[in-house]
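Have a look at the structure below, then the notes.
Note that the chains are named A, B and C in the order they appear, and that numbering of residues resets to 1 at the start of each chain.
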Amino acid sequence: MKLARTHLLSLAAVAVLAAFLFVADTWFDAFTIRVMNLSAIYIVLALSLNLVNGFTGLFSLGHAGFMAVGAYTCALLTMSPEQKEANFFLAPIVPWLAHVTIPFVPALIAGGLVAALLGVLIGAPVLRLKDDYLAIATLGFGEIIRVVLTNTQTITNGALGLKGLPEFASTAAVWACAALAVLFMVALTRSSYGRAMKAVRDDEIAAGAMGVNVFRVKVMSFAASSFMAGVGGALLGHLLTTIDPKMFTFMLTFNILLVVVLGGIGSITGSVVAAIVVTIFMELLRFLDGPLNLLVFQTEGRPGLRMVVFSILLMAVVLFRQRGLMGNREFSWSMLSRAGLLPKSEKGKHGLA
Amino acid sequence: MTLALFLQHLANALALGSLYALIAIGYTMVYGILRLINFAHGDVFMLGAYVAFYGAAMFLLPWWGTFLIAIVFTAALGVGLERVAYRPLRDSPRISVMISAIGASFLVENVAVVLFGGRPKGVTVPDVMNVKLQLGQVSLMSVSVVIPVFTFIILAALLWIVGRTKTGMAMRAVATDLDAARLQAIDVNRIISFTFGSGSLLAAFGGILWSYKYPQLNPLMGVMPGLKCFIAAVVGGIGNIQGAVLGGFLLGFVELMVIAFLPTLTGYRDAFAFVLLIVVLLVKPSGLLGSRQGEKV
Amino acid sequence: MASLRTEHVTMRFGGLTAVADLNLEIGPGEIVGLIGPNGAGKTTVFNVITGMNAPTEGRVFYGDGDITGRGRHEITQRGVARTFQNIRLFRELTVLENVLVGCHLQMDTGMFAATLHLPGYRRKDRAAREFAMELLREVQLESHASDPATSLPYGKQRRLEIVRALATRPSTLLLDEPAAGMNPQESVELMHFIRRIRDQFDLSILLIEHHMQLVMGICQRMYVLEYGRTIAHGDPATIQNDPKVIEAYLGVG
């Protein structure tokens, strides 16, 4: 099988990235590695939101709920009985969970599956609603999930949350997940199913008239998105090693929405780039908050100032450059040849996109 | 449960329902005209309370003075919000407007966090609201009586404006068909500004009264009520002012009475609104008092 | 080939009766017209047939099956395709991709098979692309295959919409005002085009139109609707001389 030039270039890029990550993991300090890995998790999360919002046109705002479900499922499956006992001091954990401990990868997949199942259950009734109503309904479900998690003391440890999660979110793990997520999205969006999703997004009525089972496409998209969100949430939990219901509020969904909008709704490349940029910026701005304490204003809530900047940024993008960074275009190697950074090939017209 | 206790809960439910109604009206009016969920409305509610608080704490205004500056401020804020965040996107896809609304909401919340600090502030309730009334076996704080009475007065005034004045008629025209209204020489922009201003004004009332009944302010205090009140508006029939009021009272009652009878569900209180929403959306999406609107193919 | 038949179909929206007691029939290979003044309920008839609205009363039959109120995609699967009064192309997709969506039915793949690019999927995808390009060639749009659908001029967009409907391999095609916005010469070309695809793809066609020349030129029979009621039915000559029809239109055509 002859490898096209574009494929060779992509493989080369992946190899470079892998080498970089290996070097970074060995040489960079713990904090930088954490930020780096956090951006990988955000890639997964942004892609999962883009799948349902950008490619299928369903404005879902309940993402934090699926992340929470994935995080808790994975955590409860990977924690040792001793860790569980230590956490559940207010009320003992339910017996059937007390002694379950499985390896990370199955637990991660389980987290995704539980989230996906929830997605189907929620999606079935709710996906028939239009735009705004869907947004509010999914937002509502996100909140319901959070409230339930806060109140089921014997399963989730309620408001106390879970601490001391095993540190399974290594550089290799998270970046492998990010790579898989990108691969999945690229393969899906370029397939006939991806076309059907985009058709549903562009014009649901016409799509139905052309034989697309609109409802099934919406539910499948929602389920896939929830799976990825669940995995992302689980990775996040194991990176931070502590989870509690207050982490998974609408503000978290907002952060991911911010990434997706900045990168361009409907662009995989945009989500990847924006995820990395936003994560880095969020951490950078954390430093900026410090010195400002010298002024009259007390920036007591440190997220406050950062979020002011990001809110302004979000609104600026949506007001002045609605399409975000990439619009709905994707990166292609031919972009570089056109810009003169790469020699052109005979098949110069056909890029990756 | 004794009768006295029941009546007590009922009175609280009435007060809470009134507050929800006041806020829900703002959502429904804006949605009726622009088909837009004004996510920032709950934060306007919060700012109304804060402005009144600072008015009393820093400028030592009497309680009616704080009302005045609060409503002026929030009305201006509402109008400004519309100009900056919504008007430029009037011809854009709905998703863009919604994102702008969410962004505006977060902006207001976080500016409040930066300006006021995240720690809750205690409100000094004016004496007239703090009187303990005794009606037979039932003891109420006067604020619980003032709130519903006040709400009804405001509501009557609003319904009169919408039903009997030219501005009100223009509002209804714009809500039915924006372009047609424009063709009838109605200054659509002015009407929209008026709608935002009056809705915000009501939210300010709601915010201040809320702070008298639950005297703790924090910058995120508008998030949950805001969400719940939009739900109340949807439940009652979005775009319909009477519907918003009905939804607000219904929600207040459901929240407090369910907990009164089933105290073990207290932790799930916030979820009631969302459950109610989903039930309504599945059974009668147009809401209790709403009318069906299909899409023309 | 199947034939389409409605029996006493009535469509009420609240207090408004959009269609009243419609008994319509299309045989294999026929081109039948559905005409009437604006607001007569013609597009509603299409919506009822294609499953967008379940009729308040009455039934719709296709071939030997009852398709009343069935799912839209199901009805398309059975062989009824349509175009829309206001062009509904997939704005963010290219010309070719628009047609390929029409082929989705034949692809019959789930999300996983498509994503994993399994051999079965790849085969079907190739076949679909070939078919789609063939269809584009029919309307001289093959050079625009990679262009955004919205970049086409209005007339070509209409042709694209028709060809997209053809991609679903229908036996019956419902065309909603295909000649809207066209000048007389374009209408004549469209007339020939419709006849050609009827012959080539073995179709029966139901046509809503206001261009009287076009309708009288290619329809074997017509139904005339006014305020939802069928006021006349017959061949062009009969219709043209029917006083009720003339009155309903007040001099149009």
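Throughout what follows, a contact is a pair of C-beta atoms (placed from the backbone, for glycine too) under 8 Å apart; a residue touches a chain by one contact, two chains touch by 3 or more.
Fair warning: this is a prediction, and the values are worked out from it, not measured in the lab.
Visitor: Comparing centres built from CA atoms, which chain ends up most distant from subunit B?
Guide: C
Visitor: Whose C-alpha centre lies nearest the centre of all protein C-alpha atoms?
Guide: If one averages C-alpha positions chain by chain, the most central is A.
Visitor: Rounded to a whole Å, what is the gap between the Cα centroids of subunit A and subunit C?
Guide: Whole-Å distance between the two chain centres: 41.
Visitor: At what distance in angstrom does the C-alpha mean of subunit C lie from that of subunit B?
Guide: 48
Visitor: CA centre of subunit A versus CA centre of subunit B: separation in Å?
Guide: Their C-alpha centroids are separated by 33 Å.
Visitor: Could you say which residues in subunit B touch two or more other chains, in rising order?
Guide: Residues 297 of subunit B touch two or more partner chains.
Visitor: Can you list the subunit A residues in contact with two or more other chains?
Guide: 205
Visitor: Going by the touch rule set out above, which residues of subunit C reach two or more other chains?
Guide: Residue numbers touching two or more other chains: 52, 84.
Visitor: Touching subunit A in the complex: which residues of subunit C?
Guide: 50, 52, 71-73, 76-77, 81-82, 84, 88-93, 97, 100-105, 107, 109-111, 114-117, 121, 124-125, 128, 164-165, 167-168
Visitor: Help me check something: in the complex, which residues belonging to subunit B touch subunit A?
Guide: Touch list, subunit B to subunit A: 31, 35-37, 85, 88-89, 92, 94-96, 98-100, 102-104, 106-107, 109-111, 113-115, 117-119, 219, 223, 227, 230-231, 234, 267-268, 270-271, 273-275, 277-278, 281-282, 285, 295, 297.
Visitor: Please output the residues of subunit A touching subunit C within their complex, sorted ascending.
Guide: Its residues touching subunit C are 184, 187-188, 191-196, 198-199, 201-203, 205-214, 220, 224, 266, 328.
Visitor: Under the definition above, what is the set of subunit A residues touching subunit B in their complex?
Guide: Per the stated touch rule, the residues are 53, 59, 125-126, 129, 131-133, 135-137, 139-141, 143-144, 147-148, 150-151, 205, 250-251, 254, 257, 261, 265, 297-301, 303-305, 307-308, 310-312, 314-315, 318-319, 322.
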